[in-house]
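Note that chain A is present in both complexes that follow, paired respectively with chain B and with chain C.
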Partner chain A sequence: MSAATHAPTTTAAPRSDGRATRRRRNLGDLPAALVFVLPATIGFVVFLLWPTLRGIWLSFTDTTAFQAGGFIGLENYQRLADDPVFWNAFGVTLWYVVLNIGIQTTLAVLVAVLMHRLTRSMVIRGIILTPYLVSNVVAAMLFLMLLDYQLGFVNEVIAALGWDRVMFFGDQSLVIPTIALVNVWRHVGYTALLVFAGLQTIPGNLYEAGRVDGASELRMFRSITMPLLRPYLGLVLIVTMIGSFQVFDTVSVATQGGPANASNVIQYYIYEVAFSRGYDFGYASAMSVALMVVLATISIVQFRLTRANQNDMA
Partner chain B sequence: MMRKTAPMALAGAVALALGACSSGGGSGSGGDGAGEITYWLWDSNQLPAYQACADAFTEANPDTTVKIEQFAWDDYWTKLTASFVGGSGPDVFVDHLSKYGEFAAQGQIVALDEMIERDGFDTGVYADGLIDPWQYDDGSVYGLPKDWDTTAFFYNTEMLDDAGITAEELWAADWNPDDGGTFEEIVAHLTVDANGVRGDEDGFDPTNVEVYGLGINPNFEETGQMQWANFTGTLDWDYLDTNPWGTQYHFDDPEFQQAIDWFYGLAEKGYAPAAGVFSDETPTQLGSGQVAMGTNGSWATGSFMELDGVDVGIAPGPVGPTGERASLFNGVADSISASSDDPEAAWQWVQFLGSTDCQDIVGEHAVVFPAIPESSEKALAAFDEKGWDVSAFFSYEEEGRTFLPPITLNAGEVNAIASVAFEDIYLGNTEASSLTDANEQINTVLQK
Partner chain C sequence: MTTTAPSPTVTTTPATSSGEAPRRRRRRPTAGRLLGWLVLALVMLATLLPFYWMLRTALSTNAALPGGAADPLPVGLSIEGFRRALGLATAAESLADGGSGASLDFPLYLMNSVIVATLVTVFQVFFSAMAAYAFARLRWPGRDVVFSIFLAGLMVPIIFTLLPNFLLIRDLGLLDTLPGIALPTMIMTPFAVFFLRQFFAGISVEIEEAARLDGAGRFRTFFTIILPMAAPAVATLALLTYMTAWNDYLWPLLVSQSDQSRVLTLALGIFRAQAPQSAPDWAGLMAATLLAALPMLLLFLAFARRIVNSIGFTGIK
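Right, the complex of A and B next:
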């Protein structure tokens, strides 16, 4: 490291000199800064920026898996507008996100508040996080077996209780709720932990004050916890919702989009178009770009609505 | 949870794949050892037979070893496509009639004519009609036939006995799309509800069935091979205007649609399980004891015969309105990937696979019927030796009709449209008349 790093800034140097020193010092930090920033930057450019730009370009071409294509203008986007399967996939995905995020967030807040107010046990925190350690694919296979109509443990229990068996993955109206709940099971602990981290920033004396004033737990939840949790919840919502829109692995393992497109979510449809039905990279890219636009819009709107960048504690 | 956003991830995969394609451009096979060629197949039942072939091949050609890799059908084609894009495909792979057109059109598999002619390879050894569909519309042959299959009905012999139906009656069954003929009568009689009432008796409760007369495979395909092809094949109807390489599908034919409504309608009558009841194919369905009879291909014979506690017999499809029984007749073949780094060795292996030497070995394993008739005889003998009567699969050739699966370009997209259309009917969302719309979509795809 250069000597400039340790340049004295203590004495009453003339103003202009001081500015020069600072500039020199900044330059002196530059090599070190670059060393730290470069790996991430290379990763960002190679794995995010370049593929994104390339994906956007591909969406205007008729590239296939086997052949580089030429520019075809907005043709892929016109096709997208007229493609009933895409719009079905869009609707299916939205329904999934609403169920998944709605249930997951509610449960996560509940679990986090219980952890916050009732126990400090690390063991319980660990247990709550356990499902998150199971990979999506394994979780999907596990539930596929558990929920099987004929042989699944869950249906055996249902039948033993004298009720009708349930086609969790085979019924068109149940398949998306089922997939949503499988993923809630897997993610709720992690989301709860994020919320829990937010809860820990709320000073305990507020609750003490509340209790002195005779407020019930419910009242304290409404008037203390929720308002102060808002920025954290806002960020958690944005992050989980982006993840939720990308649901793919559970569908790919459990239903392959079926029965009859009832669980054909956008990501799965994109994958199919690119790699199994038409090898149509151009159209698949166009759908990916559309999804990116939707996600960006939702994130910005959510960010604004929840004022996730402002904290009421400040 | 903080994953890369999806479009970026996909675009990344795409860019990487394309990059690999443009730079690699055929750097070769998965196995890189000197003199090693990779061979892919999808049927795990056939793996031991082909491993035996590979060993025999290496014995005769000591400098070449064959590395066999097996992937289940569902992953097989995706993996294969990805490997083509990445330039790392297998040297030789088992190819399917419904898929190879696209690979040939994209230049991903090798035309074999020159090598066949150069080495004087005799393509006349194969059973009639097996090699013809492997001639792409550019006139070249892209695969050497390895085996053939037909489909038939596997039944639980005990249930047939209990119902008082003889195997002869089942063999003699007739069918029509109006009332299903004696075939439907048999299916109805095989069906038993929770109170022990049979499907054709008074008081039968179709909502509470204990044994279904006919199982339905959860395989929705444009070929209908695993579901309705044994029935529609007996109509005066074919999939396409010309097969192979037709451009007009015939799913809009009223008689065909009637047959489809009849077929999936069996579920409403309680004679067949409703959509979603079984997520596995008919071997599992029969094995569960809840299904008396189900369609499957000759390749699945072993899976049925080895079922625990269920004794299985095989009967051919019923005789239909044309007065004949019918089955889809499919033959798979071996193709050489264009990205093979040792096409000569690959060709040697393909020749060996297509020769009596290998096909006899396969025949003796009693898993499939080899493409060469003498080897097929050996297979028949091997099946007999196990006490498995597989004559049903030969019956179409002897006293009926066989037909090709629909062979077109853009088969992937055709399959995507057709599979949803047929499943929608099974689910009861719509009737077979909706196939007219699907047919239009498919024909649009074929015009591309």
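Right, the complex of A and C next:
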């Protein structure tokens, strides 16, 4: 409350830097600020900063769910390097991300550009966002039913066309593409709206000028939309890829990693190691660290490659 | 081409901002535009069809489903699926209708979800708003450094904090409780702080200064000027936070062990796991899925414009 008493003098600070007394200017609103940031800082330190540091520490220990472990050096990381299930999970996850992000981003750009050129309709934007509002669990349930071998609508259509029914979630080579598409369904509208927001930053008179010059829509997409959208798209890719690498819910509900580890993504394997096989928190933490390193590397490389901080016309 | 456009809208939207007007003008339907609309229509169909199919299956009976698997309307119309999902059907009724006979306490899970999402939303938004105010409007040494550290928190993948937070919640004795599920995101998220800071920074300094000259302290200014003026942003953030908390699955899966802390997403997963693999109770499963999705869909229906408009802002941090 002491902040309130000297408040009137500090209001002048932004305007009259020179005249405010040195002492007041240095401390500024510190007493009030401390009270304002204290709760959030406690939350940040206790549930974000400390767990991050503790997670790194755990990866060097043999901690389990039941007992605090001791320092064992790089043992967990050696185990990780020799663990075929981990590398399988890594490959499965990469394949998932490539499919998920590739299809999702292409579709999202297509939808966003179409909306940008055709309509401002709020209803259409609302409709394409709808799947994002329901949980991954709900999305997984919906597609378990739609893609069911016997009764699923999709298999009924396939059968009606005279083709063989497909085991979408039960086939080793189809399960990851299937899960990738389920999550495309849930996230493509959200991604499209992100891209759409980026498109709205492009000055409309560029298109007008393009039209006057007789440029086709395709030509304008290549020469106006893409160059100006690229930095924005780079950021969207980083955000969506980080999410994509952490796929878990759909796998947990629909396949539990099966058949035969074909959908055992990293996040699911970490969960299994920590909570159903061995309760090995040390090893699970080492895998988390590995995943975080991968995510950080990809973010940095992508940021550089797409020069996400600058556009071509700046 | 633009001059021949016969649309009356041209006159109502003169090219004041050359950016907006040309796009609003109705152009002749070309093959390309038709194709574009066709693609958009297909995307919307693919978006909405699964929702319709969920409703249609939920209102069907399991006995009739194999006979009319592609029937666009409910087959053997009944609400038994909903009764099973809500735990209103007796075990015998449930088994007779192709259910698992397992009982689920749907109202309890609904209440648990409401409690968790409400706790997370109210406290997270409030504490984050306080911090955002200190970062946006107060001048104090170290402000920018502390804010940068908060921002760096955005980069930490959630999975990384899961195991240590699980140990922490366990050591606090909060496993299998609703506060245990809510606590890690209840105080702040870096995103919430960042989101609100952007809005607070945009509020006119003059109004705040006028209040300060009238003798209002920082706290009164915050509650009577800043919060009300940022109400739309605060409401938007609250909606997004509520949705996120409601849809969360992995963290509650770790913390919850029994009915007392089971939230809807978990219950749905369990309902699915209990369904016989050979002949799943699709009507019951879809009814449960629909019930679990309904609150978010209703929320969306009520606040669609606000949520849609927030997306462009939230994605790029």
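By our rule, the second predicted complex is superposed on the first by the 275 of 314 C-alpha atoms of A that agree within 3 Å, B and C clash if a C-alpha of one lies under 4 Å from a C-alpha of the other, contacts with A are read in each partner's own complex, and residues count from 1 in each chain.
Assume a residue touches a chain if its C-beta (ideal position, glycine included) is under 8 Å from a C-beta of that chain, and two chains touch if they have at least 3 such contacts.
A quick note: this is a predicted structure, and the numbers were derived from the prediction, not measured.
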item: First (chain B), second (chain C), both or neither touched by A:Tyr149; value: first
item: First (chain B), second (chain C), both or neither touched by A:His187; value: first
item: Touching partner for A:Ile128 - first (chain B), second (chain C), both, neither; value: second
item: Contacts of A:Ser276 with chain B and chain C, given as first, second, both or neither; value: first
item: Partner chain(s) touched by A:Gln267 [first = chain B, second = chain C, both, neither]; value: both
item: Contacts of A:Ala284 with chain B and chain C, given as first, second, both or neither; value: both
item: When both partners are placed on the shared chain, which of chain B and chain C touches more of chain A; value: C
item: Partner chain(s) touched by A:Asp171 [first = chain B, second = chain C, both, neither]; value: first
item: On chain A, the residue positions that both chain B and chain C contact, one per complex; value: 47-48, 50-52, 54-55, 58, 148, 150, 190, 239, 242, 245-246, 248, 267, 270-271, 274-275, 281, 284-285, 288-289, 291-292, 295
item: Chain B residues touching chain A - in the complex, by the definition given at the top; value: 1-8, 10-12, 14-18, 22, 74, 77-78, 81-82, 84-85, 102, 106-108, 275-279, 288, 290, 410, 412-413, 415-416, 420, 423-424, 427, 429
item: Chain C to chain A touching residues, read off their complex; value: 1-2, 17-24, 32-33, 36-37, 39-40, 43-44, 46-48, 50-51, 53-54, 57, 65-66, 69-70, 127-128, 130-131, 133-135, 138-141, 143, 146, 149-150, 153, 155-165, 167-168, 183-188, 190, 193, 205, 209, 212-213, 215-220, 222, 243, 246-250, 253-254, 265, 268-269, 272, 280, 282, 285-286, 289, 292-293, 296-297, 299-300, 304-305, 307-308, 311-313, 315-317
item: Touch list for chain A against partner chain B, complex; value: 47-48, 50-52, 54-56, 58, 63-68, 148-150, 167, 169-172, 187, 190-191, 239-240, 242-243, 245-246, 248, 256, 258-261, 267, 270-272, 274-279, 281, 284-285, 288-289, 291-292, 295
item: Of all residues in chain A, those that touch chain C in their complex; value: 1, 3-5, 7-8, 10-11, 13-14, 26-30, 32-34, 36-37, 39-44, 46-52, 54-55, 58, 107, 110-111, 114-115, 117-120, 122, 124-131, 133-138, 141-146, 148, 150-153, 156-157, 160, 185, 188-190, 193-194, 196-198, 200, 203-205, 207-208, 211, 217, 232, 235-236, 239, 242, 245-246, 248-249, 252-253, 267, 270-271, 274-275, 281, 284-285, 288-289, 291-292, 295-296, 299
